[in-house]
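Before anything else, here is the set of structures, which you'll find just below.
Shared between the two complexes below is chain A, which pairs with chain B and chain C, respectively.
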Partner chain A sequence: MMNATQRLLLALLISLEISLTKSVTLNIILMVTSLIILLVKRQSWKKIGFYFLVAVIPVLGTFWSFYLYGQGSRAENLHFGFVMGSRVLAFIFMGAWLTIGMTPYVLLASLRQNLKMSATFTYGILGALNFMPRFKQAFASIQAAGMMRGEVLRWWQPTLYFKALVHAIKWSKNLAMAMTSHGFQEGANRSAYQQYPWSKSGWVTMAVIVLLIQVILRLSTY
Partner chain B sequence: MKQKWTLQNVILLALIGIIFSVVYWIMDPVYNLVSAGLAAFGLQNFANEITLGVWMMAGPLASYLLKKIGAGFIGEMLGAAGEMFLGGSYGVGTLLSGFIQGIGSELGFALVGYKNWSAGLWLSTLTGTVVTFGWDLIKSGYAHYHFGMLIALFIVRYLSIFFFAGVLVYLITKLLDRSKLLSND
Partner chain C sequence: MALTAKNLTVAYHDHAIIDQLNFDLVAGQLTLLMGPSGSGKSTLLKTLAGLFPQYGGQVSGEVTIDEADVLAMPAHDRAKKVALLFQNPDDQFAMPTVREEFIFALENLELSPSEIDDKIAWSLAKVGLTDFIDRAFVTLSGGELQKVALAEILALGADFLLLDEPFAAIDQQSRVDLQVLLKQLSQEGYGIVVADHDPAGYFDKITAFYQVVDGALALVAKADWSQYDYQKQTVIVTASQQDSMPLYRMDNLRIQNGERLVLNQDVLSLYEGQLTLITGPNGVGKSSLFKTMAHLHDYQGSLVYQDKEVSNWKKRRYYQEVGLLFQSASEQFINITVEEELNQVRKNSRQQDYWTEDRVSAWLTDLNLTGLSDRSVYTLSGGQQKKLQLLLMLIIAPKVLFLDEPLAGLDEASVAVVLRLIKETQVTLGLTVMVVSHQTRDLVKIVDQHIAYQGTALAYQQEVLV
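Take a look at the complex of A and B:
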């Protein structure tokens, strides 16, 4: 099976390919395949429904825009509208495939082991991810503090970002100090408890999928 | 300018990425609403141009704050990856867009040799526009539009990026400069 890095590479490769080609057939096949994987992996209907919900407007909007405002014959515009609409669908469901069962932790650990990403980046980013819930609190308190002065802070105001960044700067200093004091050493050699080696079967899977995509592109006429 | 990335630099960069991944993710439904409104007139693509600037804020901000080669690119990529993990409207496509947008912003700072960071910031709005527009010509089939439409799309996109990734980022950095929080390493 593919490891996290291989999955990421495959997803990037495919999304690049469908960005540069115009095959409705391929897009639909990719979307359906991803959907089947989601179903096989027993993702909840609610989650799958969420992805469909997210897709509706961008898909219809993109289709409509190119259908009406394209430069070409009606049939060409119709085809192009379908290409762009189905591409969004393929993106969303491939994104779902990529993110289920792959936590940021696994991805980062795999990137470090497979692509020699530095430990400073791996663990720095991992550490930072733990602040996700604290940002929520921070935003709430920033807004409350603003309200006390009779200011409503909105997302387009620099003050809001400034205050969030002040927190970020403070946290980054504290966390770096905490990690260093717990023995994290920049540039030091590390061993890994969980191993994510490149797997041969993963490369084979990737090659087969990429090859299949070329075949589909060759055969499909629409 | 010190080129070595310290642990604190990386954490700050990641936190910037996280802040903006949330902003990007919140913007997805906003974008969809705007595009639904404009789609009624078949002008859905203008929704993309009007809002694009918001999705390009992380890069220039990260470059300006960290003053390091690659900060803008990595910051934008982190924002995009976070958006995908949160479940954004464009799935894997976000990573690809983040990659292109990151390169676009980074280019502005690179062209001034990573020396004059304010000039780099303003230049990055232009390079960001050109690079992302070029990519959309290939990817989003902009070549299918009439020439007049293309000019209009380009101008709207530049204004959006200029405002969000330029003016707004500049105001944020000015507040931070005044706070002197960034002066000590």
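Take a look at the complex of A and C:
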């Protein structure tokens, strides 16, 4: 089985491939395959429905704009509209496949071990993700502070972001201190509780999938 | 084994917070540090934990553990000897769950997976939270968070534990539990320092007691401890609510703070034009109450302001009448310089006739805030920020003003001026003011009403313990 880094690499590779080719067949096959994996892995219907919902506007939007405003013949425009629309679908469902059972922690830890990404960067990102829910609260409190002083701070006003930045700087400094106090030293060696080794069968799987894609591209006519 | 500070000086912007301080913490000691907010307790503990000067301040003198220089040690070596427990339980975890957080910390020490498992199990058992290993931090109460934080520094193997107001955000029972736990740990040989502004519950457990005075530590002789464990006196506050109108009405009001129910209130009314003091033990949920009344926190049941549910008020309209003095002054500021802030509130004051330029500048003089016009509000000292923040909100002069710890970090002279400012403005403009403060001894001089927590409910009480 592929580890998290290999899955990310494969997803990037396929994305590159479909960005450079114009096969509706391939895009649909990728999307359907991802969807089948999602179903086999028992992802909730709500989640899958959400992916479709997210897809509706960009898919229709890209399809119509290429179909209506393309430079070629009508058939060419129709084809190109389908290519672009199905490409968006493939991206969304491959993204969904990528995230199955993968937490930011696992992905970042795996990238750190496999690609030697710095620990400071990894834990910086994880810390920032943990702060996200608190931002919402901070925004509400900043807006209230403004209104209490007769000033309505809208989302486009820099004051709001300046204040949010003040909060973020305070939090990040506190967190950095806590991390230091818990023994985190930039650049120092750390052990790894969980190993995320490159998997040989993962490489084989990747190679097979990439080959299969070439075959599909050869055979597909639309 | 000892943690030693010699001639330690810590300064911010050339202003010494800690001045030529000498201190020894021997293994097996449980030491209490007291001193008003802003006296430098936090700065001292952060320096002893080796976080300063890396995270601010200029440090001279030395901090050593058995001759080894704490300030020069790499973090992963230092964490095995000394660690700090922070005041705010929310800011000290980099990971979302207990297990991931402990793994993060123990990987820093290059431990193997089996050693990590052992340490986690051992340290969680020590604080009695073995079942919490897979819990997410968002589901823990303040007391549980602090216990987990304590377990984490135990797991790292620190012999010296420094705790910076660890009980500021937790309930009474957790405070007692943790104090007992600290006593046990010190008997096992840990050297522990706790900074706190409330001496309750310590004197039968500690081995040494210091006051932070003028940037140095003054040892308090054991014979004098009883003075600090002050016998509270009772002051009578006369109620005169009959002649004023109810402004707020609570009915079966329930407020949750995370998982914990912090208020469960039957019917209670708050009256117009009064200055009301609300008292209760640390961590009982006073800030949550104020946030709720300031439309910043959800609630169940009913909280009516002027015949309309608070949750049904449009925030924009509500805040024309109601203001909250935030516990942290910087949350109140919306401009950069002191002058911009003052101009903004004068322009938006609900009482522009009262707040003439002369009156504002007279108060600035009394508050010792003159000559700061061009200064950024964020570079003012804690005390200056607090005074400015209060003046700004009183110039705005909303009909109802909630003051959350308005005296925190102020010296005695400032407290006197601030009390005069609050009372004079409140009486002249007929404002309704509600105050939460630890400094009840000062505030009781100016309050009209007193409401006290009894468990998780509020009740009017003529007697105030100060």
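Heads up, the rule we're going with is that the second predicted complex is superposed on the first by the 221 of 222 C-alpha atoms of A that agree within 3 Å, B and C clash if a C-alpha of one lies under 4 Å from a C-alpha of the other, contacts with A are read in each partner's own complex, and residues count from 1 in each chain.
Operating definition for what follows: contacts are C-beta pairs under 8 Å (C-beta built on N, C-alpha and C of every residue); 3 or more make two chains touch, one makes a residue touch a chain.
Quick caveat: nothing in here was measured; it's all calculated off a predicted structure.
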item	value
Contacts of A:211 with chain B and chain C, given as first, second, both or neither	neither
Winner by number of chain A residues touched, once chain B and chain C are compared	B
Which superposed partner A:60 touches (first chain B, second chain C, both, neither)	first
Which of chain B and chain C A:184 touches, first, second, both or neither	both
Which of chain B and chain C A:69 touches, first, second, both or neither	first
Chain B versus chain C as contact partner of A:159, first or second or both or neither	both
First (chain B), second (chain C), both or neither touched by A:32	neither
Which superposed partner A:150 touches (first chain B, second chain C, both, neither)	second
Partner chain in contact with A:141 - chain B first, chain C second, else both or neither	second
Partner chain in contact with A:173 - chain B first, chain C second, else both or neither	both
Where chain A meets both chain C and chain B, residue numbers	123, 127, 159, 166, 171, 173, 175-176, 179-180, 184
Touching residues (chain side chain A, partner chain B) in the complex	11-12, 14-16, 19-20, 22, 50-51, 54-55, 57-58, 60-62, 64-72, 77, 80, 83-84, 87-88, 91-96, 98-99, 104, 118, 120-121, 123-125, 127-129, 131-132, 135, 155-156, 158-159, 161-162, 164-166, 168-169, 171-173, 175-176, 179-180, 184, 186
Chain A-touching residues of chain B, taken from the complex the two chains share	5-19, 22-23, 26, 28, 32, 35-36, 38-39, 42-45, 47, 61, 65, 78, 81, 84-85, 87-96, 138-141, 144-146, 149, 168, 171-172, 174-176, 179, 181-182
For the chain C and chain A complex, residues of the former touching the latter	46, 49-51, 54-55, 74-76, 78-80, 83-84, 86, 88, 90-96, 100, 103-113, 116, 138, 152-153, 156, 294-296, 315-316, 319-320, 322-324, 326, 330-332, 334-335, 344-345, 347-348, 378, 392-393, 396, 398
Of all residues in chain A, those that touch chain C in their complex	105, 123, 126-127, 130, 133-134, 140-153, 159, 163, 166, 170-171, 173-185, 188-194
